[in-house]
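Below are two complexes that have subunit A in common, paired first with subunit B and then with subunit C.
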Partner chain A sequence: MKPKTTTTGLASVLALIAGMGAAQAQGDLVIGMQLEPPHLDPTSAAAGAIDQVTYANIFEGLTRFGPDGSVNPGLAESWDISDDGRIYTFHLHEGVTFHDGTALDAGDVKFSLDRARGEDSTNAQKGLFAGIETVEVVDPLTVRVTLAQPDGSFLFNMAWGDAVIVAPESVDQLKTNPVGTGAFRFADWAQGDRIDIVRNEDYWGTPAGLESATFKFISDPTAAFAAMMAEDIDAFSGFPAPENLPQFDADPRFKVLVGSTEGETILSTNNAQPPFDDVKVRKAMAHAIDRQAIIDGAMFGYGTPIGTHFAPHHPDYVDLTGQSAHDPELARSLLAEAGYPDGFTTTLKLPPPSYARRGGEIIAAQLREVGIETEITNLEWAQWLEQVFRGKDFGLTIVSHTEPMDIGIYADPDYYFQYDNPAFTELMTDLQGESEPEARSEMLRKAQRIIAEDYVNGYLFQLASLSVAKTGVQGLWKNAPTQAIDLTGVSWAD
Partner chain B sequence: MSARDAILAAARGRSLLVGALLTLVFTGAALVSLAWTPYDITALDIANKMTLPAPAHPLGTDHFGRDILSMIMVGARTSIAVALVAVGIGMGLGVPLGLAAAAHKGSLLDEVIMRGNDLVFAFPALLIAIMITAVFGASAVNAIIAIGIFNIPVFARLTRSGALSLWTRDYVLAARVAGKGAARISVEHILPNVTNLLIVQGTIQFSLGILAEAGLSYVGLGAQPPTPSWGRMLADSQTMISLAPHMTIFPGMAILLTVLGLNLTGDGLRDLLDPQLRRAGR
Partner chain C sequence: MLRYMVKKLLSLAVSLVVASAVIFLALEVVPGDPAANMLGINAQEETLAALREELGLDRGPVARYADWVGGMLVGDFGTSYTYRTPVSEMIADRVVVSLPLALYALALSTLVAIPAGIWAAARRGSGVDLGVMGLTQLGVAIPNFWFAMLMVLIFAINLRWFSAGGFAGWDAGVGPAMHSLTLPAVALALPQAAILTRVMRSALLDTLGEDFIRTARAKGLTRGQTLWRHALRNALIPVLTIIGLQFSFLIAGAIIIENVFFLPGLGRLVFQAISARDLIVVESVVMLLVFAVIMVNFVVDLTYAAVDPRLRRSR
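What follows is the complex of A and B.
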C-alpha cells in the first residue's frame, strides 16, 4: 500500500511540473467536453462526440464548413460543375499525405465515397451520398462524381463529418487509431478521461497554431465548473451549466463565447400514437407551451425561440413562433374539440442534458395547466436511444436535433416521431433535384410552414453554443455550424 | 450521584427531548403538507426564480420560482413515507425470521435464515439499491423496496439475539412445561420482551432510510419529478450553489436535522427503555 501512495504522489508532482511546462510554452491546450466518443470513426456512427474530436482536426473532406457555416474548399482546392448540375469534377490539393505517410489521391476519394454509399455501409448519414450515381478517377488528382439528378446541396453534404476522406490502408483501425489528413494527428486515448492529439508537422495547409491538444471528458456540470475555475482545463466547449456563465463572464481570467448551434430543441411528439395522431391535440400542446419561460427557466435566458424545425440564423428561416403563441385558453378549447375536455395522461421521457431535464419539468407544469398530465421518466442516453429513438416507445420527449439542415428528417415516416405526410416527402424529393438557389429557398420556406401548420412537434428554441475559455485562447469557434471543436485555427495570445 | 453523572443524565434526558422535538417538527410539516402548503409546488413562476428568503417566501424560491418551504414540507412527506414503509418491510419480514431462527436455534432453518442474512449483509447496500432502481426503473416504490430489503437482516439478527437470551428464562421454561408450542411462546412471551429493542433500532433504521432515500434521489433514482424530494433538491441546486446558496442549504439542513432528530430520539429511547442502562445511569 505504501509504495503505491508514494508513486501516485510522485506522479502528481510530475504531472504538475509537466502542466507548468506546457503552460509556459503555451503550445498546448486542454479543452473540456461533456461526452466521450464511443470510438473515433466519424464515417460509421452518429455520435456527435466523434465529430467534435475528429472534424477538421484529424479528418478532412472534399469541402469543409467554416466557423460561420459557409462551405469552403477542403481537400479539393477547386471544382467544376457541369451545366446540367449533375457532374462535379473535384481537383485535389497536391502533396497531401495521410498521417501514416501514404499519399492522398483520387483513388482514396473514390474508395471513401463508394464505402459510404455501399450496400453494407454503416455510415450514419447515408442520405448524404444517396444521389451519387458513379465516382470515377480521372487522374491521381482529379475525381469526377456523377449524380443521378442535380443536387444543389451536394457540396454542403460533402462538408459533413460523415463524408471525410479515409484511406483503404488504414480504414480497418479508424475506430481506435484514426488516420486522416488533418492538421493534427491522433496520439493517445485514455478511455474515460481524455484524448491527446499532436500537431501534424507534414500538414499540407496552414499548420496548426498549437503543438498539441487534449480533449478532456467531464460529464458532470459541477465538475466542469470546478475544473474550469481551478484552471485545470483551458476551455470548455458546450458548457453544460448556463447558470454559471455570468460568473465566468465577471472573472477577468475567462471569457464566455455565446453563439448559435444547429440544434433545434423540440418537444418531440409520437405522431403515430393516439392522441397525438390528432393534429388538434398537437396544436393544443403547441399553444400550451410558453417558450420564453422554458428558455429562462432551463437555459437561463440563452436560446432563441423557434416556431418550426429550422435554424433562425439561416437566411431562409421563417419566423412562425406567432402561429403557436402561448395561449392556454385556446389550448383547452382545442383539447375539448378533439374530444379530451378533461385532458389525458402521457409519458415524457427525458435524456440527460439540462435543457431536457429542466425543460421537461417546466413543460410538464405548462401542460398540466391545460389538463395534460405527464409521467416524467429520466433516461440515460443509451436507454433513450433504445426506448425512444429506436423503440419509438414514448409519448413525448425533449431533444435537440443538432445536425445542420436536417428538416429532411420529416420526410421519413419511420423516423422516431413518425410524421407521415406524402406531400412533405414529395417536396423534399423535389428539393433534392433543384439547384436553382431562389427556388430552393422558396421550397425550404414552404417546408417550414408545412411542419409548423401540422404542429408535428413542439418547437421550443434554438440551442445556444456556450463555451468558456481562458482569456488568452483565441480562434475558438463561437457558433457551432456543425458538431466540431475545430482547433486548427486556435492559438494562445502572446 | 456525582456531578458528572447528573450532567450526563440531564444531557440524556435533553437529547430525547431535542430529538423528539425535531422529529415532531418534520413529521408535523409532512402531515400539514397533506392538507396545505404555503404555495402550490407544481406551479412554476420562472420570473421569480432564485429569490432570497423574504417574507413572501421565508426560505426563498428555487430555479423554477417554486417556494422552497413548500418543497421541503412535501419533501418531508416523501422522505418519511419512503423510510417508514422501508422500515415496515424490514420489521414485517425480519422480526418473524429472527423469532423463528431463535426458536429453532441450531436447526437447519436457523442456519438458512442466518446465512441468508449474512449474504444480504455482504452486498453493498447503496449499490444494490442503485441496481434495483436501474433495472426496474426509477421510482419512489422501487426505492422503498431497495431500502426495505436491507432492513430485513438488521431486524432478523437483532430479534434473534434478543430472543435467544429470553429462551433461557424461567418463565419461558414454564410456558414450555405447560405445553405451549414454539410459535406461541415466540408471540406471547418473546416478542413483547424484544419490542423495546425493536423500537430503538427502528428509529435508527428510519433515519438511515431517510438518508438512503436522499442519496437515491440525489443520483436521480428516487422519487421522480414533479414529486419533490430533498435529495433531488440538492442535486438540482448543486450547480447554482454559488449563485443561490439557500437552494442548497435549506434542503441540506432538512436532511441533517431530521436524521439528527431521529438519532437523538433513538438514543434517548434506548436509555429510557433499556432497564440495564437505566440501572447503570442511576
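What follows is the complex of A and C.
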C-alpha cells in the first residue's frame, strides 16, 4: 500500500511540474506587460495600459494605425473628403457586429463621436474631437462628419484608441466588460493578475491567428526577467529590464525585438522661469548634454538620439542633433555670455520611469561640468502632474512625450514648458488647414527646425520599444506607433 | 474575565475611530489629484471637472469622511475611483491570496521555529545550540526579497519545479494554488522563523532560570519533565506576542514579496492604488489592515488570559 501512495504522490507532483511547462497550447499566448489597466474603457482614461490591452484587439475605430504608424482603414472601408477639406464621408464595412451580437451602423459612429465631444465627456483626448461641428447619419452604412475648419490630421486623430467606436447598448459596462467589434472578445479579468481574451469567431475581417491570449501584469523588472526565463510567459511587451536583453538575445529560446516608440524623451525646461527665458542659457544646456552617455547609462544603449521634438522613424524627420552637439567648452562660454560665468542652481524634478530617474543623475553630472547645479527631487506621477505639469513649478524635468505627432504642443504658450513663439503657433494653424501632403511635410520640417533653433527643451532620445518573445512567436509589432499590443496578426510558427 | 474583555473591547473601538481619522487625514494631505492622474496630460479643464463630479470629489472633506465611515459601518467600502468596481469585491478578491499566504508562512515559521527554539534551549551551549543560533543570525540578516529572488533563480529558472510567480487561482484546485504560494511563503517565513526561534529559546532559558523550576527539580522531576510541564507553558507568553505581531506583519507587510512573485494580493493592491491616487481603495484597505491588526492583538490578549490565569483575575 505504502509504495503505491508514494508513487501516486510523485506522479502527481511530476504531472504538476510538467503541466507548468506545457501549459501553452499553440493557439494560446501569454504576454507580459508592466502596468495593469485601471479599467478597460479607452474612451475615458489616459492610461496607456488600457490601449495596450484593448486597441485593435477588442475595440476598433473608423481608421487604425498600422505597425509602421501609417493610418489605414478600420471600420470605415473608405471615405471621401470634400474639396474644401471640411466634410468627411465615411463608408462603413458591411456586416460588422459588436461582441454582444448587435450590428454596427452609422448611428453607433454618431453616438461615439458625440459622446466623446459632449459636455459631460470624460475623454482624456477630448481635443481630438474639438474640430467636429456635426456628425450626421446619411444611411445605415454612411456617416458624414463636418469640421469647423479643414484639418489635415483628422483621419490620424480618428485612429487613436480614444476614438474607438462603441455602442450605446453596452457603453455603461465598458469599464469592466468591454464590448467592441475587434478580432478578440473580452473573457475574464483576474484583477491584479491577468486579463484573458478569446478569438471572436464572428469577426468581420481576417480572423485572429490565436485562439486565446492572456495579458499578465508583472511590474517588477526582476520578476519580469524571471517569468520570461522560466517560460511562464511567451512574450513581454515593453520589457522593463534592458540590462537583461543581451542575455535573451544570446539564448536560442528567445528573440528580442528592438523598435521605436512615439516617445520623445526630453529635458523639459521651464521657458518662462529665469534664467531659462534666455535662449543662450538653453543653448548652453543643450551643448552641455552628452546624449549618447545618457542612452548608454540610463537605457543600456537602447534609444535613438534626437535633436528636435519629432520621431526619427517618421518620413518627415530632420536630424538636427548636430545643432546641439556635446561641447562643454561652448556651453561654458555661452553661459558666461548670458551673464552666468559661475553657473546657477535650479530644480530637476523626476517622475518615476527609469529613463528619468537614471537619466536625471547623469544629466545632473553633465550640467555640473559646466557649472549648473541641480537639486533633484523624485516625484510620483500624481505629484508630477500636479506640481510640474499643472502647477508649472519646476526648472527642469525629464519626461517622455509618448503621444504620436505631438509637435503641436509647442504652439500652446500655456503648456507646462511655456514656450511662446507666435510664429510657431501660426505655422501650426496653417498646418492644420493644409491637406496637401507635400506642403504638410515642408511645414513639419520647418516646425522641427524652429524649436531646435530656439533650444526650447533639451532633446535627448527617442524611447525604444523593447520586447522579448519566445522564438516561435511571430507577428508581434516591433515598433510602437501607438500604445498597443496588437495581437490580431500574431501566431505561433509551426 | 468579563471586565477584562469589556476593557479590551473599548480600547479596540477607540483605536478604530482614531485610526480612521488618521488614515483619512493623511490621504487628504497627500498631493496629487485623482482625476488629473486618470486623464493624463492632454485632459481639458471641463473634462476634469466632469470626472471629479462623477467621483464625488467636488464635495468637502467632512462630507466624504462621513460617507466613508458611514458606509463602512454597514459594510459598504465605496467604489474604486480607477477600477470603478466596489472596493469590498476588490478586497475579497485579494484577501483570498494574502490571507492564505500569511497563514502558510506563519505555519511554516512556527513549525520550524518552536521545535528549533526548544531544542536549542534544551541543549544550551552545545553544538546544536550554536548551529541553530548561527542559522537564525543568517535568517535575520538576509533580506527576504533577495532570498526570494535566489529561490526563483534556483527553483523556477534552473530546476523548473515552480513557476517564477503569479497565482494559479483557487479555481485551479487547492494543489496548484498552494504550489504557487510555496516559494513566497518560504521567503516570507524565513526571517520570521529566525526571530521566533531566538525568542522561543531565550524565553525558555529565562523561565528555566526561575525559582519554581528549581523547586520542581528539587521535587524530583527530570530536566525534560520540568521543561515540558512547567517551563514551556510559562515561556509561551512572549512567543505568542511575537506570533501575533508577525501575523499582522505577514498580512500587511507582504508588499515586496507580492511584487517579486507578482501575486495579486492586498499589498500589491495598496501599492497600485497609492500610485494611481485611488484614495478610497487605499483608505479602505489600510483601514481593514488596521482592523485586522487590532483584532489579532485582541485575540492574542485573550490567549494570554487563557494561558496565564493570573491575567484573568487581577485586571
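In this text, the second predicted complex is superposed on the first by the 470 of 494 C-alpha atoms of A that agree within 3 Å, B and C clash if a C-alpha of one lies under 4 Å from a C-alpha of the other, contacts with A are read in each partner's own complex, and residues count from 1 in each chain.
Going forward, contacts are C-beta pairs under 8 Å (C-beta built on N, C-alpha and C of every residue); 3 or more make two chains touch, one makes a residue touch a chain.
Computed from a predicted structure; not experimentally measured.
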{"item": "Fit or clash - subunit C, subunit B, common subunit A", "value": "fit"}
{"item": "Which of subunit B and subunit C A:Thr222 touches, first, second, both or neither", "value": "both"}
{"item": "First, second, both or neither for A:Ala293, with subunit B first and subunit C second", "value": "first"}
{"item": "Which of subunit B and subunit C A:Asn244 touches, first, second, both or neither", "value": "first"}
{"item": "Partner chain in contact with A:Thr102 - subunit B first, subunit C second, else both or neither", "value": "neither"}
{"item": "Subunit B versus subunit C as contact partner of A:His39, first or second or both or neither", "value": "second"}
{"item": "Partner contacting more residues of subunit A (subunit B vs subunit C)", "value": "C"}
{"item": "Which superposed partner A:Ala365 touches (first subunit B, second subunit C, both, neither)", "value": "first"}
{"item": "Which superposed partner A:Thr425 touches (first subunit B, second subunit C, both, neither)", "value": "neither"}
{"item": "Partner chain(s) touched by A:Asn378 [first = subunit B, second = subunit C, both, neither]", "value": "first"}
{"item": "Contacts of A:Ser441 with subunit B and subunit C, given as first, second, both or neither", "value": "neither"}
{"item": "Subunit B versus subunit C - smallest C-alpha distance in the overlay, whole Å", "value": "7"}
{"item": "Doubly contacted subunit A residues - partners subunit C and subunit B", "value": "222"}
{"item": "Touching residues on subunit B, where the partner in the complex is subunit A", "value": "42-44, 46-47, 49, 63-65, 137-138, 220, 224-226, 238-240, 242-243"}
{"item": "Residues on subunit A engaged by subunit C in the complex (per definition of touch)", "value": "12, 16-17, 20-21, 36, 38-39, 45-47, 119-127, 175-176, 190-194, 216-220, 222-223, 226-227, 229-230, 232, 352, 380-383, 385-387, 389-390, 403"}
{"item": "Residues on subunit A engaged by subunit B in the complex (per definition of touch)", "value": "221-222, 225, 241, 243-244, 246-247, 293, 296-297, 358, 360-362, 364-366, 368, 375-378"}
{"item": "Subunit C residues touching subunit A - in the complex, by the definition given at the top", "value": "31-34, 36-44, 46-47, 50-51, 54, 82-85, 90, 93-94, 149, 152-153, 156-157, 160-167, 169, 175-176, 179, 259-265, 268-269, 272, 275-278"}
